[in-house]
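The structure is given below, and queries will be raised subsequently.
Labels run A, B and C following the written order; every chain starts at residue 1.
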């Protein structure tokens, strides 16, 4: 059993709820114990850095300080939280003035941070700690013949260096393959969904989401296996109808966050994999797998028809 | 009419955490060439950096350009001088908000609502923050979002009530300690 | 002989006197032990200044000299000569640096003068303990080794051989010629590269003074300037070069096809091959990693058909042991492989190619007979050339590769020439056209209609956003002079990647005992004043192995290195500075700690005597072994404990 300090991030309680549920479902079978931080607060992410850098680093540091007390690696599924936690860690090591200001702020709430926490993304934990072999050996319901476009998103791979490839990453493809699925070529796999500005620049974000869906469909995908980032999942899933309505497209690409795909492959049912939380329902696409019939090669309907 | 320059602006930005390398920019244009949303920027990222170096503070902060940064970090990953343009854009946003510039974009309001949500609840209360944002900017735009919001609601992804955490008191204590100083 | 010290304090115009009270310092020196005369003078390095010293030696019996002036780097040789001409051993001299170390770096007259006094006192106390030393002389072997037979090595070898001295020219590829042989035209003259190179290659092949060792590598080097011993491995070609006449029958009969390295993998060669038509020597070689006989024991078609019985599968590597006086390294470069620059798609997208691939295509003797072609066999109607790939970049190489702007301009010209109506676009950050005729060439290319965009592209993508972009490679960039992001669909992209040091540069440097810099180019002795020598006397470098450069500069450096070698050969002997270390063998315990400490590999362990011994010709007097010896058995001439302690006393007292 591997223990990790767990930081879900604000969105996991709301738009990211299905992803969160799926993570909780697959943790035990994969020998992972995620110990949620008590009374955690927002990490601030990029918008807060756009308001006040020092305040932003202080609230990020509160998360790090809490995690440090557990002595465990800090794991988060939210790519945005991952990036800001990692950045805070690195920045405070380089910029001593900032580290001091943050330290002063933390002491007012009785906390201290010594820079020892290792910040990790849950996808990296799945890839490195659980491992593809172990994952494949636990698969009870292989997703044979399911063509998937593996969407990694931006902040899972950037600006981090020496992690997965920053332009054409493929850890999600490898995981999908371990689950029996068929990842398709997906050039826009690490390009932005625009969700950080979807509230104030909706049209711009919808254009970006449209491109991602179109590219997946053009390459023959029947579904998208996405990163655990709740913003990316929401953009591709919950906003898919908005894209269809704005661009007159007919995309029907279920978006399975990787823990959801793993849950299905490990043998969990529709609800346990939190697939009822998806706006674009994967029920029809995944029926063959749930009912134990022939693989999705029998599904002839294309994923979408262009306008 | 001669442009008014603010020569201290470069030093001000260079002293912000993560922005120190702005002096090393060779203006190659890879950041602008990579920028996901560059088509919307009045002055693309490289030009913003050039304007900062030139001391064109008002032009930079009155423009909506920097507010289009979606933090995709393509610029940061590709910059040959290891400069972090995304961080520089966010740093400029913070200066703009602190000094009350009013660029023609709603994202300023969105970020302020975001920050307030954290201060009030300790976490982002998505429904509340979006509601406040739409009421402040354009309530009719909220109508366009209704179908999507409805979808999220029925799939149990849009809690209507905030979940306030005890930790919010600690955040506020930290804020009051910092906001008197800001960062020098 | 009782030390009688003469002290001379230089004004150096106002350089020293402007800050240091030189008269006071000279007065002070008179009070120091064993000083018999102390003077101050305007310019000690001048003839009258030197005469002061010589006269005092003759008339006052001065037998130790201290000059307080500038840095020894400037005038130690000058004063040592003066002392010698006065009749003393030159090592009875010591210099106190009261300029670079004192007047130039102190802000108060009072402090500067006090410091000068301390420095002079130190020098006086030290020189008291100086011993007479003799510089050693070693003979210089007249033969030279040149390693690497590209244009640099060819030039250097010809220069030396033409003067009547023997050269061993070693090249690890089966033929000489290097990268220059792969090029089509050279900038800015647009000379055909092979046409200007092959005559020199023929001269090398035919020259009686050059022993050409191709398909060979240097295994081991030992010795020192004037006296190197080198082991050269002549790799087995499995073809008898005395019999082979290069008819090529074996090549046509060979059934095995392998990617051609010379053609940058754009065509195939056979397992038995010559790399290109004008190869020197014109002898085939068998690539045993792909030859059916070596892999499976079958075939032997080449042997069957060779009318001269030149094939010899039993051939073995031959080791040559040679002696040379000097070595010139001209090992050249390799091209930066742009595969890691994922955003440009090399290796992932069709029709994104490197500069050397383009050279081979546009070369009429190349894999496409001089036609620039896409993967589908068509000529491209639009081509983008991206500058600075892998250069000026913290992630890959921080340096500018110097030649890429010019070769990119050359490519633009060649494209306009080879492909009727082609649209050519250059994406640059700066245009570095610094050489003779280079800016004019840039102007010419502009006139021919190539479009220049100032902006290094963000990415090259195949994902089309509009119908015009479908099926094309899209270059996404900002035109920085206009200030807008743009997307340009083209059919071919050429990545102008930079010159980098060979992957095994570190090993080569180690073999020859020279240094490499952080980018793995060989380190020159001085970047401005001595670019072809290395810190290892007798070993010189020239061409791209020292740093990226174009052909004119390469040839100039090669000739410079040859001149240096010829100077040494002409002199016939080399003087070794006397301040070397020596081991008191009675005290040496044979622990060998010094063997490993020596950065110049100058110390060896003598098995039969069980002591270590220092090769004084290799010793550079760094002092590391002296400090490291646990038995205190090593003495550093001219830096003895006595001398150093006296110097310290002078400063502190």
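Assorted remarks:
In this section, a residue touches a chain if its C-beta (ideal position, glycine included) is under 8 Å from a C-beta of that chain, and two chains touch if they have at least 3 such contacts.
Please read all numbers here as calculations on a predicted model, not as lab measurements.
Each of A-C and A-B has its own count of C-beta contacts, and the greater count is at A-B.
Comparing each chain's Cα centroid with the centroid of every protein Cα atom identifies chain C as the most central. The mean-CA centres of subunit B and subunit C are about 50 angstrom from one another, to the nearest whole unit.
Computed centre separation for the pair subunit A/subunit C is 51 angstrom, with centres defined by C-alpha atoms. Computed centre separation for the pair subunit A/subunit B is 22 angstrom, with centres defined by C-alpha atoms. Among the residues of subunit A, those in touch with two or more other chains are 166-167.
Each of residues 74 in subunit B touches at least two other chains.
Multi-chain contact residues of subunit C (touching two or more other chains): 343, 459. Against subunit B, the residues of subunit C that register as touching in their complex are 343, 388, 392-395, 429, 454-459, 476-480, 483-485. Of all residues in subunit B, those touching subunit C in their complex are 26-35, 38-39, 41, 43-44, 46-47, 74, 78, 80-82.
Within the complex, the subunit A residues that touch subunit C are 165-168, 187-188, 211, 215. If you check the complex, the residues on subunit A that touch subunit B are 10-11, 13-18, 39-42, 44, 46-55, 57-59, 62, 80, 83, 87, 91, 95, 97-98, 101, 104-106, 108-109, 111, 154-155, 158-159, 161, 166-167, 191-192, 194, 196-197, 199-202, 204, 208, 234, 238-239, 241-242, 245, 276-279.
Every residue of subunit C that touches subunit A in the complex is listed here, in rising order: 342-343, 348, 459, 461-463, 465.
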